[in-house]
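Working notes, beginning with the structure itself.
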Amino acid sequence: MINKEVPSVAEAVADIFDGATVMIGGFGEAGSPIELIHALIDQGASGLTVVNNNTGSGEVGLAALIKAGRVSKMICSYPRSMNSTVFPELYRSGKIELELVPQGTLAERIRAGGAGIPAFYTATAVGTMLADGKETREFDGKTYIMERGLKADFTLIKCRQADTYGNLIFNKTARNFAPPMAMAGTVTIVQTESVVAPGEMDPEIVVTPGIFVNRVVQVQNPQHESVLVASGVSYP
Amino acid sequence: MINKEVPSVAEAVADIFDGATVMIGGFGEAGSPIELIHALIDQGASGLTVVNNNTGSGEVGLAALIKAGRVSKMICSYPRSMNSTVFPELYRSGKIELELVPQGTLAERIRAGGAGIPAFYTATAVGTMLADGKETREFDGKTYIMERGLKADFTLIKCRQADTYGNLIFNKTARNFAPPMAMAGTVTIVQTESVVAPGEMDPEIVVTPGIFVNRVVQVQNPQHESVLVASGVSYP
Amino acid sequence: MSANDAKIGLSREEMAQRVAMDIPDGSYVNLGIGIPELITRFVPEGREFIYHTENGLLGMGPSPAEGEGEPELINAGKRQVTAIPGASYFQHPDSFAMIRGGHLDLCVLGALQVANNGDLANWSTGGPDAIPAVGGAMDLVAGVKSVFVVTQHCTKHGDPKLVDACTYPLTGPGVVDRIYTDLAVIAVTDEGFQLVELSPGVTFDYVAERTGAPLLPIATPTAS
Amino acid sequence: MSANDAKIGLSREEMAQRVAMDIPDGSYVNLGIGIPELITRFVPEGREFIYHTENGLLGMGPSPAEGEGEPELINAGKRQVTAIPGASYFQHPDSFAMIRGGHLDLCVLGALQVANNGDLANWSTGGPDAIPAVGGAMDLVAGVKSVFVVTQHCTKHGDPKLVDACTYPLTGPGVVDRIYTDLAVIAVTDEGFQLVELSPGVTFDYVAERTGAPLLPIATPTAS
């Protein structure tokens, strides 16, 4: 019978392996699954390729994972944020690789990966250095570049409510990358503020259907990155 | 100031021109905007290319539009249904053109059109006659075909509730093609069972944001194709 | 029932029940029209399957009680259905992202022909007067992890549906994993059709005679 | 204020207000970080704009009152915002479908440099020690129907930001339609920079001297 709830964040991330590609939801702190990221730090996997719009801030969450030396490559659109110091230092010293992708192209590449689309064309970045080395092609007289779908071994996201089938709803702008990443991850792991039984969520308002979700773990009162950073917290 | 409500279905479809490409929502009768289609029949535009999953049934709605000789080409996945006689007759006599597209490819082509993606690759239909004449390409050792995004001059869809900004929510499996078609239509026209003021719809449950919608017209009690067909109704 | 019986082999319901036995607990399943639809009646004790219908519903339930259906709650065959607790509705691009993206575990489809290389023909007879209509069949066979076919072993005219090459237009090349017929369960392997199980009272020769390509006997487990 | 005044030209607020005057009623608008954000304060009487923020909100409202913000209701600049009645939340692929698909009427962005062929550089100085960070800028200029730039006419060092060729890495080629600076409103035409309007107390020559490419005078309407 189907029940995707697991009892702890530690169990939820236990099988993430060295060298895995891990998509992590969130745009800045909104939607960042801090407790899952901290569990991943505790778990110890390294050599990770991480896909996230940013690179975290302060020394908690994603920034802490990077600081711990577990991330060998970042795929993101904006690795420079307020209070973001960990990534820039490692990047300048050549200790971490960066694949910079325009934000919309990143979102669409992730969706394509989840939707079984190996490649698509976009006008974004045409005529810029981010198109260097990319195949270009004309359609109806306009130039586009080809971009590849992106998949992950694991996806870590946060939501507001889940049911035990893995149906998810989100909170305001914390939704951002979570739905496409849930689709693109071979194993999608969700931290949720509450878990309900199937049938307690209106089927019309489900944002991510349970088929895209493998594990659900309750984190009732998730921490906020900005609060932790303002308090000077450093994880672990 | 923004108010997308128009007073009648006749005004809503008044500017659809001869030779236009028109996307019409619905999978079978679920989501079929019958009243908008009947208004289009009354309006008289002809030589239309129509995009719909099917070709209607009986002699109402889409089937009536086809019977009236207004459609020169259908782009669809399944032009053969229960009570579908109008299209087969015209097709066999060479009076209407058919572009047959697998259902998922059709859905994705429409989404791509609305999302500014001119082309994408899919494994669907590889090795079949529906791949004839299509470009093939290998990615990671698997063969795919290239499919083009699809756009329309007008989109006609039905929903359960709209606000005057054009935000939409749908009813059960009547949602089907409406959201991508709303994106892909230059002018998107919506018939809705009810219209509310901005703010009366929870922003978390909006399925189609108003930016994709141009006109909203209330049809409080839309007719059901199956009921009309069972009653032997023929429009007009 | 014996091999001499006029009505040899499984009924449609028994075929559906036999397929259901091979579906793992927790599977996300898409069912084609016809015999596959009957599978919902035979979920084995202790298992739970979630049914996907490609027009936009995950968690499809049984047909509604007489007079309680809704014209806007239908399945891919355009028949009225219900939604189970824990269901979700979604738009077509999302529904086919589930299919194309390899998220569904299994689809069970009918067939006109299956070839011993796994080719499936189930959408068109290719006749000059036929109205071609494909629906989601090509998306399903291209995207779903496992493809089962459930079908009568032979056509109404007694011709084999399991063949060495499809003569009808293909739905997809090399896509079928297993075939469930009234006479047998047959796996499609690199070596071709391989018998997995005979229906009660059916002999290997009886099935082989009615199969349009070589049929390998049941594989004997090798000592390990 | 005269041309001899040390503080010649428009303030940041006045520049934002000037841009707002040129936005048609009912527009869907994306605002970049910096001066563009100020535009929300200056919606002309009788008009309504709907603001899109690419992280997933259509109908962005003003900043929340002190202490009433939420960490999960932010804009693309990661600042806390509010949502207006009639807003909607959505995922990133949908948000960028709005952008890439040409559904937004206008974006207003800052600039490092704009060339007289419409090239825009606003994401990177290309310095060897710079951390490259592009966000949604390239998506916006490639997809949105009209692109306005609002910027100081010159850098803090007095160098022109309106140039005959960008030396910084491009955000997009030939994408800018209009430029609003402290000194003038300038259209990017097939013939290059064309003056549309001078700020109060500013002369043509004053602007032309501070522009790194030829500046065409205000177009005189031709008799019709």
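We call the chains A, B, C and D, going by the order they appear; numbering starts again at 1 in every chain.
Basically, contacts are C-beta pairs under 8 Å (C-beta built on N, C-alpha and C of every residue); 3 or more make two chains touch, one makes a residue touch a chain.
Bear in mind the structure is a predicted one, so any value in this text is a computation, not a measurement.
Participant: Can you name the chains that touch chain A as well as chain D?
Facilitator: The common neighbours are B.
Participant: Distance between chain A and chain B based on Cα centroids, please, to the nearest Å.
Facilitator: Chain centroid spacing, chain A to chain B, equals 34 Å.
Participant: Where the centres are mean C-alpha positions, what is the separation of chain B from chain D, in Å?
Facilitator: Here the centre of chain D sits 36 Å away from the centre of chain B.
Participant: Per the centroid of Cα atoms for each chain, what is the distance between chain C and chain D, given in Å?
Facilitator: The computed centroid separation for chain C versus chain D comes out at 57 Å.
Participant: What are the residue numbers in chain A that touch two or more other chains?
Facilitator: 108, 111, 115-117, 122-123, 170, 172, 204, in rising order.
Participant: When you check chain D against every other chain, which residues touch at least two of them?
Facilitator: Each of 83, 89-90, 93, 96, 99-100, 143 in chain D touches at least two other chains.
Participant: Mind listing each pair of touching chains for me?
Facilitator: Contact pairs between chains: A-B, A-C, A-D, B-C, B-D.
Participant: Mind pulling up the chain A residues that touch chain D in the complex?
Facilitator: Residues in contact with chain D: 27-31, 77-82, 87-88, 91-92, 98, 100, 102-108, 110-111, 122-130, 170-180, 207, 224-227.
Participant: What does chain D use to touch chain A in their complex?
Facilitator: Touching chain A: residues 53-57, 70-75, 78, 83, 89-93, 95-96, 99-100, 129, 131-139, 142-143, 169-174 of chain D.
Participant: For chain B, which residues are in contact with chain D within the complex?
Facilitator: By the definition above, chain B touches chain D via 1-2, 111, 113-117, 163-165, 167, 183, 197-199, 201, 203-204, 206, 209-212.
Participant: So in the complex, the part of chain B that touches chain A is made up of which residues?
Facilitator: Chain B reaches chain A through residues 108, 112, 115-123, 137, 139-140, 142, 144, 148, 169-170, 172, 204-205.
Participant: Spell out the part of chain C that touches chain A in their complex, as residue ranges.
Facilitator: Within the complex, chain C contacts chain A at residues 25-26, 28, 46-48, 50, 52, 58-59, 83-90, 93-94, 96-104, 143.
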